[in-house]
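One structure follows; several queries about it will come next.
All chains are identified by letter, namely A, B and C, in their written order; residue positions are counted from 1 within each chain.
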Amino acid sequence: MTNILETKSLSISFGNLKAVSDVSMNVAASSITALIGPNGAGKTTLFGLLSGFLAPTAGSVTFNDHDVTGMLPYRMCRLGLARTFQIAMPFASQTVRENIAVGAHLHEKKRGAALEFADAIAERVGLTDQLGKSASSLTVGGRKRLELARALATRPTLLLLDEVLAGLNPQEVAGMIPVIRGICADGVTVLMIEHVMQAVMNLASHVWVLAGGQLIANGTPGEVTRDPHVIEAYLGHGMATRIAQMGRDEVSHV
Amino acid sequence: MKLQHTVIAVVAVLGAFALAPVVISSGFLLSLLIMVLLTTLMAQAWNILGGFGGQLSFGHAAFFGTGAYAMAILQVHAGLNAWLALVLALAASAILGAVIGGLAFRYGLRGSYFSLVTLAIAELLRILANAVPFTGAGVGIQLPLHASLSSLQFADKTGYLYFLLAFVAIGFALSLWLRHSRFGAYLLATRDSESSAQALGINVQRIKLLATAISAFLMGVAGVFYVQYFQYIDPGIAYGTAFSVQALVAAVIGGTATVFGPLLGALALQILGELTRNLMGGAPGVSLVIYGALLVLMVMFFPRGVAGVLKKR
Amino acid sequence: MFDPSIIWASVLNGLTTGAIYALIALGLTLIYGVLHIVNFAHGSALMVAMYGVYFLFVKAHVDPYMALPLMIAAMFAFGYLLQRVVIARAARGNEQSVLLVTLGISIVLTNLALFAFKSDTNTIDTPYSLQTVDILGAAIALPKVVAFFGALAVAALLLVLINWTSLGRAIRAVSREQRGARVVGIDVERIYALSFGIGLACLGAAACFLLPAYYVNPQVGDDFVLIAFTIVVLGGMGSFMGALWGGLIIGVVESLGGLWFGDSLGQMGIFLLFVAVLAFRPQGMFGRKGA
C-alpha cells in the first residue's frame, strides 16, 4: 500500500499558540482514513496546512511523492487534492448545476462539457433533483452534498472532507455513507474529519486522533476507541482509569 | 435566459440602434442615443469588474482618462494616425488595468480597501494630469477638427453612433461570454466565495487581474470615443468623479452581472437626466444628485437592479 | 536649507492642522470600528457641517466656537438618522451594499451643495481671524491654536466616553463581538446608530474649528476625506490612538512636505503614502490584521 499523503513533523503556530505540533502522519492510497479529536484539537487547521491554505512554520507535506509544503491551494487542487469546508460556502448567485460545473471546469474547458459532467456528479451524490435550484436555497444537507459534489468534480485523487456529515439528521447521514464509500470504490482516497462516530466506525479503515494540536493515537477504529489516551482526550483526565475502575467495581458487585 | 434567446435579444437591440439614424433625423435625439450608448459602454466596462467580479471600483475614470489622454496626446503631440492611436490608447488602458489589478490583488486588497485605492488612484491621476505639461496641464488638449474616417472623426452624428455601437456590441459580446464561459464561471465563483474558488483550482489573483484589464480596456474605449466626439479633454473630465460615478451607478441600477443591466441603467439615467434638465435647467450637479439618490434608493429597495425587477415578472 | 524658524512654524502649523485631521479621522475610525463600514460619506458630511457653521455665522451671527454645542448636536442627529433610516435599511449585512449606499449619500450631498452654492468658495471674518499667537518665535494664527486645543479636548472627551461610560462599554462590546453583545441584551442597532451619530458629531466640532482659519466650498469635504482615510489606514482601522497620532503626524508631514515640494506634489505624496500603506501594511501602526 503506497501512501498518497505523508506529513513529517508538521507544525504551525499563531503567535504563542501551537495550533498543530509535530504531526507526522500518512494516508494510504485508495483508503478511507478518518481524522478525529475533540473540538479545538486543530483538525481543520491541519486540513488548512494539507491543502495549502496555511503555510506551516515547520515540517513538510508530501503528496504523491511531490513535496507540496506551502504550495498554494489552487495548485494543490490541480495536482489532485481537493477539500471541502466545514462551513459550506456555496456560490450563492449560481445554480447547483453551475456550482458543480465550476469544479468540473478544472478539466473541462468547454462550458457544455463542464455542465454535463456536473450533471453526472450530481447523480452520484444525489443532487439530481436540485440541479436547477439556486445554491442558496439548499438545506444544510444539500449544501454539504454540494460541497462534496464540487470537490468531486475536480477529479481529485485525494479528497479532504471537513465534517461533511455535521448538521445532518440520522437519515441523511445514512444516505451519505454509501456515497462516500462509492467515491472510494471509484479510486479516490478519502481523508475525513468527523465527529459522527457511527460514520467513522463504518467507513474508515484507519483513524488518526488529534488532541491539543498533537497526534495522540492512530490505528483501526476499534483500536483507537479503546485507547485510554483517546478516551482521556474526549472525556477528561483520569477518565480512562475511572472507567476501567467502574468496570471492575461492577464485576465485583455481582 | 437561454443563450440563444439572449443572443437574439442582443442582436435585436443592436439592430434597433443601427436603424435609428435611418428613422430619426433629429440631431438632438441622435445625440441622446449616443449618450445612452456611451453610458452603456462605461457601465458594461464597470460591470465586468464590479458586477461579475464583485470588486467595486470607485475610480473607473482612471481608465477612461488614460484612454482619452493617450488618444489625444498620440494624435496631437506624436502626430500618429488616429487608428494607430486608438490601438495604443486601448493598450494603455488595458495595461493600466493589469497593473492596478495585479498589484492591488497581489497585496490582498479587497472590499472597501480596493474601492478606496481605486478612488485614490483616479484622484492621483487627476492631480498629475493637472500638473504635467504634456497633458496640457489644467488647460487640457484640443483635438483639431478633421472629419474623415482616417482621423476617426465623422461629419455627422451617424458615423459616431455606428463607431460607438460597434464597441457596445463588443461589450455585449463580452457580457455574454462571461455568462457562458469557463472564465466567467471562475470570475463569479471568485466573487461569491474566494476560498471555495481556490479550493477548486482557480488562480484567483490571475482571474481578478484579467478581469480588471478587460474592464479597463472597455472603459478606455469610452475615453477614446469622448475625445474623438467632443474633440477636447482636460483633467477634470478625464479623471474626475463624474464618469466614475456614471459607470458605477448605471451598472448597479441596471443590475450587476447581467447582460442588459448596463443598457437598462443607462436608459434610466438618461431619462431621469432629461427630466431633471427640463424641470430644473442645466444647473451643475443636479443630474449627479439624482444619480446618487437613485443609487441609494435602488440599493435600499431593489438590490438586483432593474434587470432583477424585470426578471421576476 | 530653510531657516529653523520657518521649519518651526511649519511644524506648529502642521500640528494644528493635524489635530483637526485627527478629529475627523477619529469619527471615521469609530464608525469603522463599531459598524465595520468604511463611511464614504464622511467627507461630504464634513462639508455639510462646514456650511452649517458658515450659515450660522453669516445669517444668525453665531460665532463658530459658540456654535459648537449646536453643531455637535445637529450632526449627531443627522448621523443617527442617516444610519437608522438609510444605511441600516440598505445594508442587510452586505458589505457591498453599504459601500454603495455611503457612496450614493456622498454623491447626493456633494452635488446638492454644488447645485446650491455653485463652486463658490467662502470664508468668514471673525474678529480674531487675523490675530496671531507667538509660540517660541513662530507666529501662529489664533484660530489654529484654538483649533489645536479644541480638537484635542473633543478627542479627550470622546476617549472618556468610550472608556468610562456604560454607553462606551456597550459600544466597545458591539465593536468587538456584535452577536455576543446582542445576546447580553445590548440593542445593537441603537448602538450602530449612536456610533454613527458620534462619528458625525466629531465632524460638527471639526467644522467649528476649521471655519475661522479655513474656507468652505462644495469640494472641501473631498479635500479632507482622502487625508482622513490615509490617517485611519495608517493608524489602523478602528484604532483611536492610531487616528490621533496618525492625524498629528500627517499634519506635520503635509506641512513640511509643502515647504519642500510645493502644494500639489505634497498632495500627491499623501496619496502615494495612502496606496502604499494599504498595500504593504493594511493594518496600520496600531491596528490588527484582518480588517
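Note that a contact is a pair of C-beta atoms (placed from the backbone, for glycine too) under 8 Å apart; a residue touches a chain by one contact, two chains touch by 3 or more.
Everything numeric in this text was worked out from a predicted model, so none of it was measured.
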item: Two chains sharing the most contacts, counting C-beta pairs only; value: B-C
item: Distance-to-centre winner among chains (Cα means, whole assembly as reference); value: B
item: Reference chain A; chain at largest CA-centroid distance; value: C
item: Interchain centroid distance [CA atoms averaged], chain B/chain C, Å; value: 32
item: Whole-Å gap separating chain A and chain B, where each centre is the average of the chain's CA atoms; value: 45
item: Chain A and chain C, separation of their C-alpha mean positions in angstrom; value: 49
item: Residues on chain C engaged by chain B in the complex (per definition of touch); value: 37-38, 40, 86, 89-90, 92, 94-97, 99-101, 103-108, 110-115, 118-119, 218, 226, 229, 233, 264-265, 267-268, 271-272, 274-275, 278-280, 282, 291
item: Chain B-touching residues of chain A, taken from the complex the two chains share; value: 51, 53, 72-74, 77-78, 82-85, 89-94, 98, 101-103, 105-106, 108-111, 114, 150-151, 153-154
item: Sites on chain B touched by chain A in the complex; value: 180-182, 185-186, 188-189, 191-193, 195-204, 257
item: Chain C contact footprint on chain B (complex, rising order); value: 54, 56, 58, 103-104, 107-109, 111-113, 115-117, 119-121, 123-124, 127-128, 130-131, 241, 245, 248-249, 252, 283-286, 288-289, 291-296, 299-300, 303
